[in-house]
């Protein structure tokens, strides 16, 4: 066991395998949870047939998706068309490497953890655009273009919002930020931290193109955006990566702003981290089922006119606060 | 700022809906309560003496907008009264094209074809959805499956003003003699529990078609405000 | 929801149906309702302005009606408006002129155009040639809204000038009539078939179309 | 709030947008920045509410020209009605405007009665008016749900509003089921009156349904009064009064463009002359105005229905004997037009009867209000983006069953 922990390659491999399997199981559970929650919000029951309370519904969906035929449109770019889904799920899961689950339980204790996480979540726009381009469908192309525009333009306020906890904690490593919050209170408690947290959450919604920012795959306009031509396993990988991305962003938000695994009543730290991530994910889903959708030009206007200046202001305040504190 | 405030209001609205009881039920396990007047499927009735009501006049075949009813009729001595009268040898109703418009029920002179309240009649093959004569008669076995309407009741609802006779005292139906198939429209009891089969005792709704005509006429006359208690005549059983 | 009536208690005794709280006993029963004058009084109490609207309507409509009859009388020499027959017969040449005149007197709302095909037939007054009849309806907007309609008789193949330049709404209606009955409209911006695919031949709503279908069209 | 007609109608038509939509634009004369992309919205598209295809010519994401194609749902109803007897036409017409079937039946039967000179008894007229108002509530609720879903997406807030609207509409369908036995295609009107009389417990049921709808409507409308909704609908798809009148738009579309015209008040039929119908008019002419007008109409219909259900008069329900022969109703030669106010506008019937075949109509032309809503697409789409196009089409609310007949 110690040999495995010590050798970096083996450590990464084992921890990565454990992390991915846990995350994929979590994604399966989350699809059930979201459909039940959406049902309750819309005064209906949600899945009840398959298994007790419909718990086996995700497995049923997965089996249904697997046994279907993966159809590639006639003159689509076959290699890129096939490459897009694995790329999306890879980038979505990669960001999980740096999430500090508890004192020493994390895949990679990089001291540039925040930068690594934001880089990978920023990369998500690329495979979606590839999917849109490769499936030789006008709606998919439009969806892909919108995804690139939105992904890149919301990357900037997201990075700046993440800069606030980094400046307050003084370190780029996720574990470091959490230890700072253990020492001197959660960042969400400070006013600038709360504003940055809210801003980070909104931009994270846009990054994972969740409602109200789901312009790329706007069902009522672009049929299904870049994923129009995908069916069976292709589409379910896209859906899984979207859920995985929003869970991991919830984990990053709880790590950066809500104090990670810090908690009282000496409960195990891992439990605290999972509870906070679940709470943030609940809010994301709740927002998803109660808001309408922006138009793409309004989306850009909101980003450049309000979010970017706001983020700059917050970083300025955080900087002043740190320098005053000395 | 306006975005944030009304987002919170929307979130509150969905929270309130989430906490209230869902309105959907698990359909196959829990059936939804349907209206008494639901029009689902069809049945052919027999009169008090067990003789078929249908005289093969093909009025329903002519009136059907989507031409789903086909009737083959012939004149035969009646097994019950011995007199020769019209009978339908073959009566098929193709449920696949039927638009449930209730016109056939309305034009039937002898209240032969009626609708039944059976919730849904799923068919797994085309043959299931073509109601043949024996299926139609089997549908009429259990009384509480009968829908509310037959030609008399529908006629009562649409009776124009001038013909509105005051509520006749209902003619006592001699238990033995079978009412003539044509049956006086206003008061004859077109269908009561068939004596032959050990039909379950006629629950109140089963007697409904018999007493409806009378209560309807009574209710219609402006004098009486509340419908009179069910009149003393009960269908012979 | 309503619940059905409770089953009869004892079959032997005359089963008096238990009073169904929802009042939907067997659902064949009928709501007696109120006497008519009581109903009118209740509605009048709840709707004070109803009578005003009716007067305003009749006054405005009478005024419009006078304008229309005057218009038809002077410029088109048409005595009665033959309302029962769908409006007076107007020569095809003056169709657009009448529409323009009516639009100026306030009939700004384009309602519909209905073309019908009258095959040649021998009537008592000698045999009538085959003809097409195009009826047009306009309506005035606001209180006292009045509809006015007129008909034009066309020989087969004769063209009627289109109202699309006058009313943008006429565009699709006339395309539909061309598609289904085959009446061509002169000056229509793009007269194509509206319902049928473009390469469809024949006009479905003509009396001599699809006579040999399975079910003989006239039962 | 009613804007006098003369004031608005004579207002000069100033092209509000720099981009004046020309429906018959010749594409090769249009100098586009990049080459135009033709995108076909429909016929199989989540937000065309039925089978309707609009070929969009996009310059970037701005629509330059929109060419609608309809006819995918053409079933030849008018040819079929020429074969059917007068009593058989009603069940076929339920399927025309399948969101408000009561109104289709009423329009056709009023035309038959006018042609045959039958005077419908007061109770039947009363019941028809009441059923029309209840059906208007159900139809507008369905529109509200699909409009929210067009703006909110199938997996988001829009669907929540859609589910709530359908839950409320269910109540009205149950009320109709209590009366006629069918939830959707009722065949309850016939020449000379109605076929199903009111069961005794019905008023209580109607009151329950109306109270629940009114209380719940306030609960989730807060989700629609959201700045995102206002941004998506304000100033989008503006139709001014002049263009609306020319296009023959009617009903909520005309009233949203500022023209104060409602057949229920201006040319009353049925029992509307006893009622004081508050006509909601909003001068905006954009999607938001259409939303407000339809919402006001829901509230007005709830008020009218409550008033009507309490005072149902006595008397017979039909002026003609109950149907016993298919050739029972015969019409003398003549032509007649009757228009009524359906939730989408003026729904009319032009009926021609001939002497040689009195039991069938000679020509049966239906004037669908949705045809004019669909015909307005080339005048309204240009200058907007694709997501606006979806919002505008949702607010125009064409029902393809009615457009294509």
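Here the chain labels run A, B, C and D in written order, and each chain numbers its own residues starting at 1.
The rule we apply is simple: a contact is a pair of C-beta atoms (placed from the backbone, for glycine too) under 8 Å apart; a residue touches a chain by one contact, two chains touch by 3 or more.
What you are looking at is a predicted structure, and each value in this text was computed from that prediction instead of being measured.
Common neighbours of subunit B and subunit C, listed by label, are D.
Central chain assignment: D. Criterion: smallest distance from chain C-alpha mean to the mean of all protein C-alpha atoms.
Comparing mean CA positions across the assembly, the chain most remote from subunit C is A.
Here the chain pair with the top count of touching C-beta pairs is C-D. Spacing of subunit A relative to subunit C, judged by their CA centroids, is 59 angstrom. Taking each chain's centre as the mean of its C-alpha atoms, subunit C lies 16 Å from subunit D. Distance from the subunit A centre to the subunit D centre is 44 Å, each centre being the mean of its Cα atoms. Those residues of subunit A in touch with two or more other chains are numbered 41-44, 289-291.
Within subunit C, the positions touching two or more other chains are listed as 1-2, 24-25, 27-30, 32, 35, 215, 219.
Multi-chain contact residues of subunit B (touching two or more other chains): 7, 10, 13-14, 17, 23, 35-37, 62, 148-149, 157, 219, 222, 227. Interface residues of subunit B, counted against subunit D in their complex, comprise 2-3, 6-7, 9-10, 12-14, 16-17, 23, 34-39, 59, 62-65, 99-103, 106-107, 109, 115, 147-149, 151, 154-155, 157-161, 163-164, 219, 222, 227. Note for the complex: subunit D touches subunit A at residues 37, 39, 45-47, 61, 148-160, 163-164, 167, 223-224, 226, 228-229, 231-232, 385-388, 390. Considering their complex, residues 5, 9, 24, 70-71, 74, 76, 78-79, 82-83, 85, 122-123, 126, 174, 178, 197-205, 243, 245-250, 254, 259-261, 263, 265-268, 271, 273-277, 307, 310-315, 326, 334-337, 339, 346, 348, 350, 352, 356-357, 360, 362-363, 365, 367, 371-372, 374-375, 379, 404 of subunit D touch subunit C. Put simply, subunit D touches subunit B in their complex at residues 84-85, 87-92, 121, 157, 160, 164, 167, 170, 174, 177-182, 185, 187, 190, 192-197, 199-200, 219-220, 222-223, 225-228, 314-326.
By the touch criterion given at the top, residues 7, 10-11, 13-15, 17-18, 20-26 of subunit B touch subunit A in their complex.
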